[in-house]
């Protein structure tokens, strides 16, 4: 998958020279081979961002892992290790108030590039002179790239070593152990309280299972994403993996009821033979970040050690 | 037969309407006359069970409010003063007159068809039966509704200014239809502004004044009590002496 | 003044309506009579510019379709056969009669207020001005709309059965109002089913038969041509010999 | 005779054709021959599962949902004499949505139970509407405004729940888009018999709908208990769309387009109108769902997409064709 | 005189109070004293940014959105004589939504541009509706049904886009929920002058709305160009709600509740009605947004939540209070 990091970096001097709202926003689209552009930009600008806001658990985690400090973050990120006491709680990541952000006088705002709500917020913020940085992580490679940028910004190469390079090595370790054999199939379900949805190969956790020698039954690259029940019954996957969207504990209590009581699901081999598993939300529902290796390990254990 | 005693009704504001006592008989045409706003429509609506009231309204010896609405509709039909212009054909409209009998459950039977056809023939609306109400002239629409009321075949028929929009021939025909119905034993109560017509065709006349029904009598009686009519209508009535005259009673200055 | 020549109009199906030639003058009451469905309402609608037509309709020497709709409304007012029961008070309704003058832009001026008040006084509806149309009796509502048309103060007034629902006194008053308006030089065209009234008050009578306007003349002329009236209305007219008679012409068998 | 063919036999024929088409088309892994084998008692276990547990329940669900939503719309529109009225605008959908969401918070992952929640939600909201409307006179305006009020109220509670538990937003979206790909067979077993009973009941009660359209004065004179029937039809409509919504979430525009199209080309009484809505609604939604699930197999497109995509141009065409009649109304 | 106080001075007073309240309440990091300092030219740079770049634009946006949506609903409802009509049901929202989505697909990283897209979408769909309606006679029914048809059409295209590019579903949801928390200052600069102009125009044109309500026959007799004005009011409504939607996405029920409440308690002419909708809508939405952003600061609740939560019970109360009048309609 492609990694994109868009930076809307607003030069403070620039904004003073121009009338309000008429700021020239400089937008850089950093593709895989253009990372150098970003480095040049940051090395020119010696001042490190001091007051940073990251508006999602994932982004906050990344910034902290890169050795940065935050002045504000969204509610779901507050329980992350390494978040200081004084960090302001800014609420739900989709509905953060621009005024609350401005009030913290940030010099960098880190947002998701894929969420329209965050995208809109980013545009509105850069409009009034707040520098904004968008991230977009679809897999481990994206994680590596973003961490590179962040550690460059914070100047903590040691943390890149610790949180990226060593994780990469651990993963390679696990992948080496994968036995050769018949290719098994799986179905990856993302369930909310009333609905389940099959994830395709562009989901980051699918990448984990694929590299562990399994095949996703939803494996084509069309953009459609509602998998037909008839197709599931026809494909009859060997494994079913489930990740909850909401409360994990409640999901654990009652997720059996998704598969029993419904004759179509009950007819699947994976269900008959009990090969359906609830995976942890931290590793397979949200981006695992520095615990990426743990996700690979858990998946490996599930597939190969339990048998 | 509708018998009224100490009837009272009222709108959310304004004075009360009252009728001390009145009897609307079967086999008779009862005409209700009175000035604009004297309460004729309100009286008819109340008799038809469409308004809350105090006092008694006995329809064929049974209190109006004790009837179920379907039972009541089999006893009393009601044509309001102004009717709706619908996207519906004439025959369908007339068939709705049979609702009190077949209700929701029974389908239109032979009997029903017969009543509907008869009503359409009486009003000469048979040739219009496939036409839409929207495509009719005012008088034709009035006749369509009249057919519906006739198809309803109730023992009492209350009509609020039924001759509105009708031309003279249709008005004449209308009254001959009433005569036929009355001969079959039905009782007719109608509001009417054309005093000469009213005196000519009604067996009994009820005069409303100031939201009260206080005078009732035959056309002759009213002709004798000149001042009552004059007070309400600005003219008096007299027996016609002209033998070419269309009506037996005519207005005089 | 409305001058009509070779006028033709048509509904999506059914026969054509036609008027070879007719003149509706100012300072006159022109009565349009005819059976139900003969085309009276259609004629009035067409004259009021509410329908597409072929031929010529000259309103004060200018072709009807060449007027802008506001200009036309200043020349011709139109009261349709049945009017809506609205959630609106009487005075507001009557003020809408001034729309062709102040349009969207000007506010109600002194002139407008005067016209509105005069219309309400003429129809004796002043005391009802704060009442809602919903709370009026049929006749009162009709008078409210009549006031609106009077407030419109156009040189020609077209009215489709304006006396509907009115009691006798109001009908008399209605015609005296018309007389006042006619004296001021306005021209009135009205549809009417009460032939005696029509002959009494109209200066000229237009008879529609089978979607055609073919006969026009003074009441006298029509009285002489007995068979035309009889064919359409089942009666004939004659000069009244009775000096107590309310109307100068009365129906005869 | 021609009338019977045109209004009864032709629509029924179309319905049967679409049901058969929906039965035979679908995944390529099971051929027409296989299907016939399965239907006559043979076939492999997996083929049996596909036919009896997946395909047939789905066809039953689409047909009954189509019928239910169309008739529901027809009842409400004719009752209130308002082209724009629909289960959605009267708050029935929002009521069902609210209860699904509440249910999702209290008992997450009990997929089968959410259908009862939707149904009960629709019913409760409608009861509330009827009570408020009857306090305020049971006139058309009072029903409509009561519906608007409760609809808004439910929506605000939905918003509160989503604000407190942001993870439920996915449930909300899933409910709102609607579709049959995650159809639960238990909800079909519950809702379909229910829908059939109410459809029959509304066919029976149809004449009262005709009478209601004559206006309150005339209807009262004909002996119709106006308040009772007005409430009854609203309640029927709510039960129908509540049951439908409980199977498949909200399928927009069905209850708005089908009754309006039927009213444009059919001019008879309400019983015929309800019958046509039923049959046309059922075949139309079955066909749309067939398209949705076979066009991009093994993936699915929401059937609502085809519904609007085919229904809207058809409505435009009907409007142009019947423009003369429209001019009068 | 009493009338002027009740219908003009009182509402305007409420509006001014709510605007002032909205200006002074908000984040705790800036006190009332600070605000006064900033307003009189002083204050720190960051305080200036908060007041002039964040808070004041937001207040302007909420007030003008509230006014625009309420007046838009009022125009459509009175024009079509239908309590249930609203910008949403006529397809204006779906048209705007479609264009936002198209824009998001074509230029995914130009957020500011989406407001033009929304506006153009609303306008195009309304033009299409007006053309179809005028072909079919410009009667009320034909406008309503044309609106339903185009609304459904836009929705199906939205569904297609989402099916082909599932990642756009988030754009759709963001647009559909609406709110002011990420208000873009450019969209305010574009939409607000526009809204003000159209509001003035609809105040001017108000009398024609009164005349339209008299029915086509009478209105024609009074010289109203019925087709022209019917189209003009629909177009005004579309421009208003298109401009509003372009700032903040869809804020449901505003255009449905406010006009209905106004119509329940105010009985004068349309000019007064439009004025009241404008002022009440503006103050109401401003207050709701104030609640939304200050009740759980620094969190935000969507203003639509308070809108329904306060508006719906108020509507219920009005219905009960005015039940006598409702009985007649």
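All chains are identified by letter, namely A, B, C, D and E, in their written order; residue positions are counted from 1 within each chain.
What we mean here is this: a contact is a pair of C-beta atoms (placed from the backbone, for glycine too) under 8 Å apart; a residue touches a chain by one contact, two chains touch by 3 or more.
Just so you know, these numbers come straight off a predicted model, no measurement behind them.
Trainee: Which chains make contact with chain B and with chain E at once?
Mentor: A chain counts here if it touches both chain B and chain E, which gives C, D.
Trainee: Would the interface of chain B with chain C count as same or different, where same needs over half of all numbers used to appear in both copies?
Mentor: same
Trainee: Could you work out how far the Cα centre of chain A sits from that of chain C, in whole Å?
Mentor: So the centre of chain A lies 78 Å away from the centre of chain C.
Trainee: Using CA atom averages as chain centres, what separation in Å is found between chain B and chain D?
Mentor: 44
Trainee: Suppose each chain is reduced to the average of its Cα coordinates; what separation in Å results between chain B and chain C?
Mentor: Their C-alpha centroids are separated by 28 Å.
Trainee: Provide the list of chain C residues touching at least two other chains, using ranges where the numbers run on.
Mentor: 135
Trainee: Can you pull out the residues of chain D that are in contact with at least two other chains?
Mentor: Within chain D, the residues that touch at least two other chains are 163, 301-302, 324, 328-329.
Trainee: At which residue positions does chain A touch at least two other chains?
Mentor: Touching at least two other chains: 92, 94, 224-225.
Trainee: Can you identify all of the chain pairs that touch?
Mentor: Listed in label order, the chain pairs in contact are A-D, A-E, B-C, B-D, C-E, D-E.
Trainee: Looking at the complex, which residues from chain E come into contact with chain A?
Mentor: Interface residues on the chain E side: 26-27, 29-30, 46, 49-50, 52-55, 58, 104, 109, 111-112, 163-167, 170-171, 173-175, 179, 181-186, 189, 293, 296-302.
Trainee: Which residues of chain E touch chain C in the complex?
Mentor: Contacts found on chain E: 204-208, 210-211, 213-215, 217-218, 220-225, 267-269, 325, 328-329.
Trainee: Using the touch definition up top, name the residues of chain A that touch chain E in the complex.
Mentor: Where chain A meets chain E, its residues are 6, 20-21, 27, 75, 88-92, 94-100, 102-103, 105, 114-117, 119-124, 127-129, 223-225.
Trainee: In their shared complex, at which residues does chain C touch chain B?
Mentor: 11, 34-37, 40-41, 81-82, 85, 135-140, 143, 160-161, 164-172, 193-195, 232-235, 238, 241-242, 244-247, 250-253
Trainee: Of all residues in chain B, which touch chain D in the complex?
Mentor: So the residues of chain B touching chain D come out as 45, 48-50, 68-74, 76-80, 83-84, 86-89, 92-93, 96-97, 99-100, 102-105, 132, 134-135, 145, 152.
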